[in-house]
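Take a look at the structures listed below.
Each of the next two complexes has chain A plus one other chain: chain B in the first, chain C in the second.
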Partner chain A sequence: MNNIKRGSLMLFFIFLIPLLSGCWDQTSIEERAYVVAIGLDKSKSDNENQIQISYIIANPEFSKKEAMTTEPPMETITFDANDINVARNKANTVVAKEISFNLLSVIIVSEELAKDKNFIRWMYDATKEREIKRDTPLIVVKEESTKFFKQNQPKLESRIHKYYDLILKYASKAGMIPNSHSNLGRYYRITQADASLFLGIYGTSEKSEYKRSEEEDNFMAGQIEIGGESNKVQFMGSAVFKEGQMIGTLTGEETRAAVLINEGLNMGSIIATYKDPFDDRYRVTTRILQKEDIKIKMDLKSPLPTIDVSIPLYIDILSQHSMVDYVNDSEKRERLKQSIEEEVTNTYNKLIKKTQEEFKGEPFGWSLIARKEFLTIKEFEDFDWMETYPEIDVNLTVKVNIGNFGNQSKVPELEEMRD
Partner chain B sequence: MNSMDSTKGKIGLKELVAIIILNVGTKVADNTPTIFYEAFGTAAWIGILIIGLISLIPILLITKLITLYQDKNLIDIILHLFGKHIGFVLLFTLCILQIFTNINNTSIYTDIIGTMYFSKTPTVVIYLLLLGVAAYGAKKGIEYIGSSAWVMLFWICLSLLVILSVVFVQGEFNQIFPILGTGGLELVKGSYQNSSILMDFLYLALIASNVKSATIYKKGIWIGFVIILLAFVLSLIGYVMLFDYYGVRMFDYPYHETIRYIEIGFLNNVELLFFPFWLISSFIRFAFYLYLGALLFGAVFKIKQFEYVVPALAVFTILAGLIPESSVFSMNDFRVIFLNLITPIFLLFPCLLWITAKLKGDFKNE
Partner chain C sequence: MEDLTTLKNKAIDSNLEDTIEILKKFYSVPLNQDIVIRNFSISGLDKKATVIYINSITDSEKIEEHIIRPLLTNNSTEKKLENISPAQLLNTHENFSNILQDINNGNTALLIDGEPKAYIFSSSKFQGRSVEKPLNEVVVNGPKEAFNENVIDNISLLRKKIRNENLIFESITISKNSNNVLYIVYMKDLADEKLLQNIKDRINSLDINSIQNLSLLEQYIEDKVKSIFPTILSTERPDRATSFLEDGYIVLLMDNSPDSLVLPATFWSFFHNSEDHYLRFIFGNFIRLLRLLALLITLFISALYIAITNYHVEMVPTDLLLAISATREVVPFPTIIEILMMEIAFELIREGGLRVPNPIGPTIGIVGALILGQAAVEANIVSPLVVIIVALSGLCSFAIGDMKLNFSVRLSRFLFIASAAIFGFYGMTAVLTIGIFYLVSFYSFGVPYLAPMTPKYISSKDTFFRKILKTEQYRPGYLKPKDIVKKKESQ
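Presenting the complex of A and B:
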């Protein structure tokens, strides 16, 4: 009896094995071509309904540690197609494997296409494709994406899928780009809600005129002069989308400011410099931490709606070339505080003015906070946040708390030393 | 020996609760949330609470009847209260409704598996496998379904909890505002129309005599009820936090979009981690549905060993479920209309039973 039972159990398990193959959907890894980046450009042909699509296909052989191959790390193909989905089949005219989007790391769009009024139509194609996930980051590049791909030769991380993951992670930690969460899902969500603006990651491989400014980060991608033999590609700043269409850009500093007052985007600690109140020639390098949430109060029911924002910042001083003794002198510390507060408030006022006058919408995700003021969806839609925002009076207060002064808090007195 | 006989084929509290949670609870993972968001917007979670409130009366009445007629299930009670002829008509109606619900749901689940995971596999094959496994379970009987539900319950709940906690970390809480969604009156109206979401609680009375005692049955129903409402509320808030009400309305299956969207640490493609649990709970759910269908069919046509109806019923379900051309639209639309249609039955039928029992004077024996 026991033997029969055991035997039938064995048979049962053997019959289970074919099920593991996943029926018709089985594909072996070797037969798949993994697309890690999709590039979208305006088509060069006259056909308005077509776009130019590029695929970066990673070479899985390249990742193997033990058997290095002489094959290149990736392959780029470019062609015109009606949409992302049909492009998959078209790609098979040259690629001898099944195209898979399972490992897609980024979607890269040229600025020209992003500014097209029909851009949103192609973006929604991605929702139909099962393998394109909503957590794929959206990057806007200044030039054509094909050119961007050609120029993008990372020196230290040649596995291309890893490169995108890592650079977005660390660039957003530094607050230079909106956040790795500025992905497709967010794009759809903000576009559909039609109340706020979406910030996409901005990058380029093209060097524009270098801007030497006294502030550290008031740049767009391409404007920073970086020497040495590094990759030409830079990611900095953000592309502003209104109703699914790109309408402008924010510089690195503006992006950082926008990220700081957006409750939905969390950032790590970022490094920024501010004027030294005791010596105009120098700037103080600081590490900004967001330990407390910003407080936003809205009064939307009155005829003149107002928003009060208070931003608490925790700042560590990392360098001070003026060598002023901030550590022991609380009065000097107080002045430094005030000076930073003023500077930050100024930046914000400029940014808010820009959003109200130039973009006529806000990228800070404030529409979500505004929703709290309304009971029903209809009331909120009648208020029309996007239309009302430019008229709203925004009052900003910045409160700076100075934390520590680096590992070694004290600096020698220069005057005495040089004596 | 005798004592063994009396408990044979009977399930205890934990099995009952597991069956309830897996059968009603899996609805948070199909197209039910979309129906909610259509009707209530951001206030979907308030909607399910109102539905719970509305359903309190029928569920209360049913459990009253079950405790009154110890060792009788809904079929016996209907036959007892209404006699052979009217009883036959009522049971026949319930049977048709149950089979329809099953066809509708299985076809939606087949579509989920087909569109979200196995896009190249023919629908027939998915349907066959889904119902093949479910029929095997149903044929084995309620004890089997109960214990497999209990075994899997912990893992399925754990997977849902993991998903929800990730969603609550990654989502934006402010998206649940405006708090009242589509507005007060719409909320009440929508809740009334969709309260048949909890219709399963009526059908659960069919297995009342398979539960060890009426007290256990009563306890199980209420424990299950509370857990289900909790799961619904949390998931409905979670989906909105992740996708916003406007986006989530456009999805056919929010749960599956959720597990595709969330990121857990360094892991990509986490949906493959959660999909198997969902699949197993679907198997158990349809096993139970098929079992109920066969039970009712057996009651209507006087088939004592109704388990033998299961395979035929499964084949019929597959054939009927394959008819619609595009099941996303036809079956989902049908489900919305169907839910609205059967709501009065869910709300009034228990009242009718209770009043009849009252008029018959059965409550005096208590």
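Presenting the complex of A and C:
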């Protein structure tokens, strides 16, 4: 009798477990609609409290190998809502499955909304939602995000999540966009620290006037002329956020420079061209590597605070159309070195001037280094890095180390050959 | 007529006729066909004599040549009986019960008129297999003899490997009616007396009519009858039994059992395989690694799939997730049903394949693979990924050589599947934790199940991976062997 009693009690408890637990949190994998990208725009209605939200939902059928479907690879829906989270339920009026943010690849914001003073309020909605990961990249687009989505038709990457993953990976490897710098987690951290500027990825599908430049990276997205039948969308440059609100942009070149001196960010090798000191018509193509750490010395206690930055660069020469014999002539090499150093220093000085005068803040992550100069957080806060930075005297030196001259270092003597 | 049971304890009569009558009653002659009673007279002594034996378990030729013929052709009048017959005289008995037992064991009883005792000659010859290759514990490298059903052969196989007077084969009769004999094998100079006494006590406390073989005996003496994990190892390899003996373990042998029991057993003895040590250090550890991997895959992969697809979708790479989602769209059942269906189907095929008569054996493999794999997917009953997962977990379970551990793993897999279906990773972790608590909490003949990993003992540290042979210097300390060092470190 006792045994039966104990047995039934056990059974009772076992049945109790699923009742009390999170079993009801379970949703079958095929009953979810996977949102790959979220677009945020200003609402077209007058209601200030609302924003226009777009979801791009991936179509799993498209990943099926057998029996290619005629269904499109994705579905876009757009509607007004109070915030990202309430939109999930609203979306279910048209979407048949439970909305899931598990596969969210990017959050795309229109420049108009990003520049709104209330933008930060909507961004913080994303922190409430457990499915949105903090490493989701934040992209600012010039036009409305709905338009961007419509224009964004990658020819070869029909699965859109793959497209975003890959293009952000390789564009940031080339340094054109600040990808690793630019996810939600960093946005929140930098905004809350209130000392540095946050760089978001900048992209557009709109063609602006093409700029023809000698340099290969002094562009914003949309300014590069690319022929053929490729996608209209370009990613280049960065959107600068101060206190959670967008205040300006950096070109590709400036972005590269900013990423390069940011200690927290490691980039791969980037390829850039510099003036040939012996022949103005040509430029030298180089691969820049950062083999040593950047040295930053700060003197913040004196009445005139200074920062000394020394940037060691390791440069491989990839091509030189002037056909100057740098390999055997150390003097010429020295001049090339000086010329590159000058050019890079110039770029940096311009960039620093721009940050000090236009943005009144720095996107280089120096505030973290500056903290070490103070004994307590309070001292640092009293110093007020953001306010002080524009007054700080930044001395920047670039040290170039020329590595090898490509696979075959020797160039033929053009004059002799043409004889 | 006197009751047979009371007769049994009586001494035999000196009158030959009476004795034979009583023996005939015992054996129900002529109902029993294979009882042979031969009457003749011993020449020289000039006495009537009778031999009784059971011809199906005796060597008739030997009886004819070595017992009967010398007695018939004897000329001397003084020679003692022992000296007339060249056959081995085992014993002389006065009691019916003793005589009967010896005849039942295949010996021959010689009764002589006027003598109130029976001469017992050894003549047994039971039918059985010869020594063959092991069927279940196959190795590529190493000896290929296996135990058979004949215990004398098995003893011989062990003696062949340990030529030492300290190797003891102690015999105990463990059942009352069938008189099954158990051999307790141990090294006198190694095995712990307490452990030996513990085992003997357990065996002596049995009061059972018949125990046919070791597989049945195991269930009478094991520590935890209802446990999912085995506590006694059985092996059909004499080389494996030998290495256990040499470490101070105790081995049980019995007639009619083509294997031996090794006790006490730890989790590791089930996990290991003799080939681990026959292969070189790196190769041996490689197969250990594979086995560990197989163990983990068998245990967890189905449960992982359920947990991930139901609760932790964010863990799957996007492309795979979309692919799973796409194939799942047309499947009418939830993941848990899908997995359970396939797992059960696989177990059924396995069991069916085992029991199927040999000639149709290959068919079941083809049918099973076809139906389960291709057709189930095409019929949209399961998604292709589930077929991969179940096939993987099924195949991996074959890499766990020991049959008992294999069952434990296959059964506990279902526990994990259930917990994953209800609680996701949280449930799996909880079940794993409880499982580890359980594993460390029980004993096999006084030895902790996970020793020497936890609790720690002096040992050769042969657990998940083995050490280099030279450095395996110690016998396992948890057995409390009389001599713990089995080799000195060589330079």
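Everything below uses one rule, namely that the second predicted complex is superposed on the first by the 393 of 419 C-alpha atoms of A that agree within 3 Å, B and C clash if a C-alpha of one lies under 4 Å from a C-alpha of the other, contacts with A are read in each partner's own complex, and residues count from 1 in each chain.
Please note the rule applied: contacts are C-beta pairs under 8 Å (C-beta built on N, C-alpha and C of every residue); 3 or more make two chains touch, one makes a residue touch a chain.
Note that this is a predicted model, so its numbers are computed, not measured.
Participant: Would you sort A:315 into first (chain B), second (chain C), both or neither based on which partner it touches?
Facilitator: Neither: A:315 stays clear of chain B and chain C.
Participant: I'd like to know which partner A:133 touches here: chain B for first, chain C for second, both or neither.
Facilitator: both
Participant: Quick check on the superposed pair: does A:162 touch chain B, chain C, both, or neither? Answer first, second, both or neither.
Facilitator: A:162 contacts chain C only, not chain B.
Participant: Just chain B (first), just chain C (second), both, or neither: which does A:199 touch?
Facilitator: Touch status of A:199: no partner.
Participant: Just to be sure I read the superposition right, which of the two partners does A:379 touch: chain B = first, chain C = second, or both, or neither?
Facilitator: first
Participant: Quick one: classify A:102 as touching chain B (first), chain C (second), both or neither.
Facilitator: both
Participant: Touching A:261, do we find chain B (first), chain C (second), both, or neither?
Facilitator: Neither partner.
Participant: List the residues of chain A that touch chain B in one complex and chain C in the other.
Facilitator: Looking at chain A, the two contact sets intersect at 22-23, 25, 102-103, 133.
Participant: For chain B, which residues are in contact with chain A within the complex?
Facilitator: Within the complex, chain B contacts chain A at residues 41-42, 115-122, 125, 129, 172, 174-175, 177-184, 243-247, 250, 257, 260-261, 263, 268-269.
Participant: How about chain A: which of its residues touch chain B in the complex?
Facilitator: 19, 22-25, 102-103, 130, 133-135, 185, 188-189, 192-193, 263-264, 365, 368-369, 371-372, 374-380
Participant: What does chain A use to touch chain C in their complex?
Facilitator: 17-18, 21-23, 25-30, 32, 34, 36, 58, 60-65, 100, 102-103, 105, 131, 133, 159, 161-162, 165
Participant: Taking the touch rule as given, give the residues of chain C at its contact with chain A in the complex, in rising order.
Facilitator: Residues of chain C touching chain A: 309-311, 313-314, 318-319, 321-329, 331, 334-335, 422-424, 426.
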